[in-house]
Structures are given as structure tokens and as C-alpha cells.
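Both complexes below contain subunit A, partnered by subunit B and then by subunit C.
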Partner chain A sequence: MDELIAILKDIHPDVDYETATNLVDGKILDSFDIISLVSEIADKFDVVVSAEYMVPENFNSAKALWELIEKLQDEE
Partner chain B sequence: MHNHVLKDLKNTVSKFPDKPAFCGENSVLTFKELDHAIDRIGTFVLSEGIKKSPIVVFMEKSPEEVAAFFGIIRAGSYYVPIDAEMPTVRIHLILENVKSPLLICDDSTFEKASELGFTGKIVKYSEILSSSEIDDAALTAVYNSSIDTDPLYIVFTSGSTGVPKGVVGCHRAVNDYIDQLSEVLGFSSETVFGNQTPLYLDACFKELFPTMRFGATTYFVPKTLFMQPLKLVQYLNEHEINTVCWVVSALTIISTFGTFKTEVPKYLKTIAFGSEVFPLKQFRMWRQALPEATFTNLYGPTEGTGMCCYYRVDRDFEDGEAIPIGRPFDNTEIILLDDENNEVTKENGEQGEICIRGTSLTLGYMNNPEKTSESFTLNPLQKHWPELIYRTGDIGRYNERGELMFVSRKDFQIKHMGHRIELGEIEVNAQMIEGITGAACVYDKVKGKIVLFYSGDKEEADMKVILKDSLPRYMVPNVTKKLDRIPLTSNGKTDRVALSGMI
Partner chain C sequence: MLFTSYAFIGFVILLVALYYVLPKKAKWPLLLLGSYVFYFFAGWKFLFYIAGVTVITYIAGLLISSNKKKADARFSEMKLLEKSGEGSPEEVGKEARKRLKEGQKKKRRRIMAIGITLALLILAVVKYTNFTIYNINGILSAFHAPKRINFLTIALPMGISFYTFQAVGYVIDVYRDRHEAQKNFFKYALFVGFFPQLVQGPISRYGDLSKELFTPHTFKGRVLERGLQRVIWGYFKKLVIADRILPAVNTMIDTPENFKGAYVFLVMMFYALELYADFTGGIDITIGIAEMLGIPVKENFERPFFSKNIAEYWRRWHITMGTWFTDYIFYPISVSGPMLKLSKWSRAHLPEKMGKRLPVYLASFVVWFTTGIWHGASWNFIVWGLGNFVVIMISQELEPLYAKFHKKVNTDGSTAYKSFQIGRTILLMSALRLFDCYRDVPLTFKMFGTMFTTWNWNTLGNGTLLHLGINRADYVILALGTILMFVVSMIARSGSVRDKMEKKIPFAGRWAIFTVLLLVIVVFGAYGLGYDASQFIYNQF
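Showing the complex of A and B:
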């Protein structure tokens, strides 16, 4: 989780990712942020986020995104 | 005969009165409704005593915003689009440059508009439309006195000195552009556009003007769908969208994440792209998913009213090859000039600056004679009468097939996520931050990231946060690196080679 927060902080240093739950709905992350995020996640955690998982629910908070990464890691 | 961009509108309205023209997330305007709104806004502008003036439009991306643009044109004035996405600092620079007497906003932007210190009148779109009075006689008189070198818009593009440049475009150039583009891409009343590009740039002309001319339909694809590739494709299918003119990065969002395995945008027949290099791996996925569709690479600067060259993909490419920018549209000439202003021919295979000659040239930069005369110059190949060309700053060459290829930039302009950015503009804004002693930007082409090197007493994370206040989101550096000092070459210039080695 800390590693994920570090990646997110690198995109927007001024966001408190421990508490934020509206990263997408609140327009904090835009589509290009999501794209670079997904490629960083692929590099760091060795998981591929495919199209069906790219929905706001999975990106609205660091926690939701971390759960997705764990789920994808389990599947492999 | 009048060569006015609205010349086909009444004809389209009589053919397709109740057909949707523009469809947004929250509203739809049919051609009849659009026409009424345009005439109403035109009447309002004239009733304010405003003639041939820049009028600011600050609205949410919507069918109504298009009606505001066209309504201003109807009144013989020209629109200046600004957007909530732009930082306030940038909006101020634009307002200072154009000195407009009127700003049209909507409920979503009214508050921000009121805080801009705008010196003209601010009016809401809904207020204008609350009356239905239309002054046909006044509108007709304006139409009849218009000429096709009158301006109709000013859109702002990144400037290397830190101040954005306002490109002024006219009827004649837009009509010529839409003639050529429509022929190349085959637009008709059957065309259903899915628009991706923002309305505050020239990129949206590809949808706005043909929709009105042919009685086509444009859907404004909701921005949030560009992070949800599967839903994006479902949206295209739901609305049976058959034509897209998108930046490459918007297309690759679909192909990268394996979307085609689940759903294919099956109605798409015409795919035009540009502004960036299309990675071949992604491009092949698209062609494989849509073998019947046509793929066209478009190339052109804002100063040439939009696009000026095209290449319809007709063959496969080897790894490492680039997709050509092809050939100029009819009625446009491309000249390649070397450093001594000599013409580079197809035969000699050299490189040269891509220069544009023809009707599609815009009028120049608003209130900026220095920048205008630097780029809009006399044609050095023809000295018998004054003839302007636009020097793009792009370096090109012809390949062995005689197709034009993009090689590089002469300066520090980049294309990042489909946006044209002067790295100098980022540097100037970084240098203006208190405590910063030096700043230099380089573009990491491999990763597609803007890297800012700086020296001074700010933390790396803080730099991004501070720059968000003065730069549009797409210009904020992706990576900030603090150095003791910016490396210089032996003649005292920023050593970009050294910096590139540090990314």
C-alpha cells in the first residue's frame, strides 16, 4: 500500500490519499493520470489492469485501487 | 455570393429541422433549435451595440456553447473560447490580450467569471435565450456586409515566452479547410461524429462545421469515458458513432487495455488521428479490430486553420517506420525550406522547415505583431508580389514514395497527450516562482513525460503544486528534479543534452 501511495503522490503531491475517496468523481485524477497510473502499477506490482477493471469505483480511493491490485495478484 | 461559414445553415435547417445536431451529456440541440439560438444570440450581441469585436465564451462544453460561438459569428463578431480547465492566470493573459466588451457564461461558470475582474459585460446564456426576439433585418444586414477575410474566432496556443498566442481565423480559411477535409474523409448527412477534442481549440472544427454544413450529428463524448475504455466503446456503439477525429492518445486508451477482446466499436468507418506519433503496435491492433475502416493521419498547425496535410493509410508499416503525414490538401501547397531559404525538393531527399502556402492560412496572432512577423513571412521563393507563408517550425522531408514525413521540431515545442506545448512556457512559469534560480524542461519521449529540472529552495513535490496555479493541467511537469545548478554549455546556454542524459 505504501508503494502505491508513493506512486499516487508522484502524480499529485498535494492530495491526502489516506482519506480521499473521490479521486475520479472529484476530478482529481484525469484520464491521462489513470493511464500513467496503470502503467506504473504494471511495472511495480506486475499486474495487468485490463479494460473491464478501468471504472471509477476502482480508482476513487487508494484503498479501492490497492484492493484491485491484490485481487489481480491473487488471480495470477 | 457570400463565403460565410454559416451560409449552409438555413439550408440544413430546412432539410433536417428536428434532427439532433449536437448532443451533450445534459442536453441536445436539433438544427431548428440551434438555428433559433444562433439568431437569438446574434440579435442580442447586435442589440448591445457590439460590432466586429472579440467576444469571450466561458461555458461548459455543451451544444449551447456551440450555439454561442455561431451566434457571435452571426452578429459579425468573433468568439474567444476560454474554459474552466484553464488556470486563472492564463485566463487573465487571454482577457488582457483580446480586451473584449462581452463575456457569455452559463450557470456552471458564472461565479468564476464574476471573479475574473472582467471589464466588459457578463451575461448568462440562459438570460439571452429567455427572450425570443430576433431581429432578422439587422442580422441580414450584417450577413450581407460580411467579407470572407473577416475573423470568426481566436484560439490560444502555447507561447514560448510564457504568454499564450491568440490565433485569429477567418471565414475563407475555415470554409476552404472544411471543403478539403470533408472530401478527404467523406462527410455527409449520414456522418455521426464522436467528438473528443476540447471546444477551446481549433481541433473541434472537424466536427462543428461539417455537422452544420451536411446536417450530420455530433456527440460530445463525456470526458470521464476516456478513463473507462470498455464504457467508451459501449458509448460509441450505443450512439452508432461512425466517425472519430481523435488525438492518438485517446485512441490508444482503447487499444492498450485489451478492450477489443470484449467489445469492438463496430459502427466506426472513418478514423482520423493526428497531433502525435501513433505507436505501430497500437495502430495494428486498431486495423485488425476494424479491417473495413479507413485510417487517415492528419497534420497541421493551428496557424493553418486546422489540418493541412493528410495520409490515408494504404499499406503496412515495418517496426520503426513512421506513418507519413502524406500530402497537402487540395488548394494548399507545402514548401520545404532549408536554412538558407532554398527549396528542398522531392528529388534531393534533404530536410527542411515545413511551410504552408494558401487560403488556409489564418490571419496571424492577436495583438502580437512581433510573433506574427516571425512566423507569417513573405515567401522567399516568390519575390514579385507580397505573398505570405506560415513557417511551422516543424522539420520535414520526403520519403522515397514522395510522401511528406515529419522529422522533428526546430525549437522546443512538443506534443504531449495531443496538446501542443512550448517547453519555454513551462520554464518561464517555473522561473517566476519565488526562490527558484534556474529552470529547464526536457521531454522524455520514451515515457511521454515532461521533466522539469530546477535549482532553488523549493521541494520537488511543491513545484508541481505551485505550477498547477499558472499552467493548464496538461502542461504541469510529470517529473520535477532539483539540481544544485542547471548545467550550461560552453557558450552559456542550457545544456539540454546533459539534461536529457539525466532523465
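Showing the complex of A and C:
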């Protein structure tokens, strides 16, 4: 989770990712950010977040995204 | 049957009345029948295209859904067998289950690919055959070859770009397991062919539209009232503003040699107003009709001319098209295997920021190229799409510069700075839209250039404006209509205007306002003798 927060901080340093729950709905992360995020995740965690998982619910908070990564790792 | 014809108004009144009179079971079939009657009047031959796209995507959805169900059932069965010790680990163990899952997913992906390729093939043939021939002839001519290919006579079926995209989105969503496939063919046919959306969208998602589309709605005065209000507002924008300014735009773009310099700027502004009133007016009519039937349709605009940059503009203009391209083209390309490899490579070998952005830019390039060609089979639209891409890319690259500027100059909450940003976006977008106006790309660049080389602003006041095909009274009506649109937009900043009216103005007062609006349309609308009731601009896409 800390590694994920570090990646997120790299994209928008001024956001408190521990508490934020509307990263996509609140327009903090745009589609450009999401793609950067996905390629960093592929690098660091060795999982591919395919297009079918790219819905706001999975990216609205660091926690939701972490849960998705864990789910995908489990499936691998 | 144009939206702006008496026949259409009669058709809608009859359909809405029948919808509420008929028993529950007959409501959605009536909408299907009505939709196909509407489409029949657009051209009976076009029915084959919509039916073809419907059948192909229906079958693809069904096959994907049934494969998923079977695979899930087998997966659960294997798990149980493993638990009970009845199956060997090689046959039912974790690895075997993974193999099953991946194998079946591949199968579903193949079905999806075949389904959407076939559906898009229909669109490609009718929309792009002549454009392809045009380009081949261009190449032949460049090589001085004597042969030319003859153009084909293919009429573009109404709304094909919209319903094909809607149907393709459905197949992908079934593949992504967002929802199950619709088993009832006729219900699915209604989703693809729901008549208010056939003219110019919005491009709905099955998950958003289906439930309310098939629910039998009972009559509610309030629902009908709100829908009707929205329809009236839509007709106001279309007939009083868009169609009234249309002759002036046409005069200036049809004889560009006579209208250079300041007039190109005028084209930019007039066309922005025309397109906005035309497209949002049409969408208001669409959403209003659906609302009258109790069916909520996704909004397609969010006051786009108040956007502070182009990226934001595209999140607020033709929203359903933008999200379609993001979900079904931008994301899949960006996270595809080769793109992730490229991303890894570029981050390792290029400067940090460029390395991160290169794959995103590549995917954006594809999206904007496709957006351009989706709008029309011509180089004008392709260059227009790529123009948007270039501007968005430049503004991304200039981001650090903006940050530096904002560190030095505090613009937080500054109305002047916000107005500057809005004005800049309007100008940029209006300049790009010139590609939609002039005959070809070189002419568009040339005309744009005349704004800086031909200094004829003084001639705007010498009466030329009254020879553009609209008179003094037209200008007054246009000015008042535009002010009204602006005021309504300002009120809409903090929520629905109709909600506010409902809270503050009693029923009689509300209807007095809309009756006046209706009278304004009847008196000042650009229709009837002497006017060529024009089709919606987006209907051609």
C-alpha cells in the first residue's frame, strides 16, 4: 500500500491519499493520470489492470485501487 | 421525418398518448414499433442497416454471456470437485481452473472481436468507401496514372455512427461483464433503435438506459410537464437561434473569396453559436421526449462554453461520445501489452516526464484521429481531430510553465483570469471548428491566415452584415436569444433551471413562461415558407 501511495504522490503530491475517496469523481485523477498509474502499477506490482477494470469505483481511492491490485495478484 | 417537421410533432404526441393509454405489457413494444416507424420515414432502405447491426451485436452479446455462464459454472464445479477430493489436481486444481478461465476469456474476446468488426464494417463501408476511393484517386493522380475509380452511390443511413457505437459499446460491456446480454431480441432492438436518440445521440450505455426503457411508466403530470418544457427549450434553440443564423454562416463559407479577414472571425463566432444551439437544442428535444415517457437519458452537455481549457471542454461537450472513446479506445490501447512495453521502455530511455507521457500521447493520437474520422469521412475532420490532439498535448507540456506563472501571480478566484481562460478556450475551439466550415484543409488554413493579413474590420460597420442573408430584425432576435441562452446557462451553474422554476414559480406562472417561449418559436422560428427547415448538423456524422 505504501508503494502505491508513493506512486500516487508522484502524480499529485498535494493530495491526501489516505482519506481521499473521490479521486476520479472529484476530477483529481484524469484519464492521463490513470494511464500513468496503470503502467507504474504494471512495473511495480507485476499486474496488468486491463481496460475492463477501469471504472471510477476502482480508482476513486487508494484503498479501492490497492484492493484491485491484490485481487489481480491473487488471480495471477 | 425531421425533428422540426409538423409530422414529427404529431408523431410524438400520438406516441406519448398511446404510451400512457396502452396496458403495461404493450408499452415497450410500442416504443420499438414507433422507433422503426420513425426510421422507416427516414428511408426504408436504412432499416436494413440498423437491423443488421442489431442482429450482429445481439448474437455476439448472447454468445459471450452464455460462454461466461458456462465457464463460471464449470469453474465452480471444479472447485467443488477439488474440495471433495473427487477430481485430480491436474484436472480441477488451481492451475487447471486458471487455464479454463483464460481459455474461455480468449474465446469470448474472439466473439467480441468478430461481433464489433462486423458491425463496424457496415459503418466503414457506407461511410468511408467513397473517402477511400477519393484518396486512391489522389494517389493515382499523383503518379499520373490514367485510371480513376468511380465513386459509389451510397447514402449514409441516418444516425448510423450513433447506433453502431451504442451497439458496439453494448458488446464490449457484456464482454467486460458490466451486465448480462439481453435475451429478448426485440428489447435489444429497442435499445439500439430508441427513436429520439437516432438523430444525433446521445450514445447511451445499456447499463444506464435499459432498465427505464423497458419499465412500463405510468402517467405523471409532473414528468410530462418537465419533458415538454425541455422539448420547447430545445426547439427554441434550434429554430430561433441555430436555423436563423445558418444563412449568414452559409453565405460567408460558400463564397470565401468575398469574406476574408474579419469575416473569418465572424464565421468562427457565428458557427460556434449555430453549432451550440443546433446540437444542444437537438439533444434537449431528445432528452425531453424521453423524459415525457418517463425515461431518463444521459446528459450530453455541461455548459461547455464555460470551460477553462480544451481538455475540460471535451469533458463537457458531447460527453457521451467522449466517454465512449475513453472507455472503448483510449483505455484499451493505453493498457494493451505493446503499449505497456513501450511505456516501460520510454520511462527507462527518455527524460522522465516525456517517458511517462509518450504512451499516453500515442493513445490520444489514435483517439483524436478516430474522433475526427468518426465526425466525417474527409481530411477536414481528420485535421480537426488532430488539431484538438495537438492543442491538448501542448497545454499538457506547458503545464510546468503555467505552474511557475501561478506561483508568481496569484490568480486564485480571480474572475478576470477565469474569463480570460474561458475566452481563450472559446477562441481556440472556434478556430479549430473552421475545418468543419470550409471546403478543404488548405482553404481553411488560408482563410484562417487572412485574419492576420487582411485588415478589414472597418467594413463590418458599412452595412455588409445586412447582406449575409439575414436582416436587422434577425440580428435583434439572435442577440436576444443568445442573451437568454447565456442567462439560462448562468442560472444552471448551481443546478437544474427547471428544478428552480418548480420551487419558485407556481404552475400557472411556469406555463405562462413556456407559452411565451412557444409563441416566440411560432413567431420568430426560422421555418415555414422561405426557410429550408434544416437537418441537425450532427445528424450528418
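Note that in this section the second predicted complex is superposed on the first by the 76 of 76 C-alpha atoms of A that agree within 3 Å, B and C clash if a C-alpha of one lies under 4 Å from a C-alpha of the other, contacts with A are read in each partner's own complex, and residues count from 1 in each chain.
FYI, contacts are C-beta pairs under 8 Å (C-beta built on N, C-alpha and C of every residue); 3 or more make two chains touch, one makes a residue touch a chain.
Worth saying up front: this structure is predicted, and the values here are computed from it rather than measured.
**Q** Residues of subunit A touched by subunit B versus by subunit C: which partner has the larger set?
**A** The partner with more contacted residues on subunit A is B.
**Q** Based on the superposed arrangement, let me know which partner A:Tyr17 touches: subunit B (first), subunit C (second), both, or neither?
**A** A:Tyr17 sits against neither subunit B nor subunit C.
**Q** Which partner does A:Asp30 contact after superposing on A: first (subunit B), second (subunit C), both, neither?
**A** both
**Q** Identify the partner contact of A:Pro56: answer first if only subunit B is touched, second if only subunit C is, both if each is, neither if none is.
**A** first
**Q** Could you tell me if A:Asp43 is touching subunit B, subunit C, both of them or neither one (first, second, both, neither)?
**A** After superposition on chain A, A:Asp43 lies in contact with subunit C alone.
**Q** Find the residues of subunit A that appear in the contact set with subunit B and again in the contact set with subunit C.
**A** 30-32, 34-36, 38, 49-52, 54
**Q** Could you please specify the touching residues of subunit C with respect to subunit A in the complex?
**A** Residue list for subunit C touching subunit A: 98, 175-177, 311, 326-327, 330-332, 334-335, 337, 340, 343-344, 347, 356-357, 359-360, 363, 396.
**Q** State the interface residues of subunit B toward subunit A in the complex, per the touch definition above.
**A** That would be residues 223-224, 226-231, 249, 253-254, 256-259, 262, 417, 448-449, 461-462, 464-465, 468, 473-474, 478-479 of subunit B.
**Q** Hey, which residues of subunit A end up touching subunit B in the complex?
**A** 9-14, 24, 29-32, 34-36, 38, 49-52, 54-56, 59
**Q** Under the definition above, what is the set of subunit A residues touching subunit C in their complex?
**A** 30-32, 34-36, 38-39, 42-43, 48-52, 54, 75
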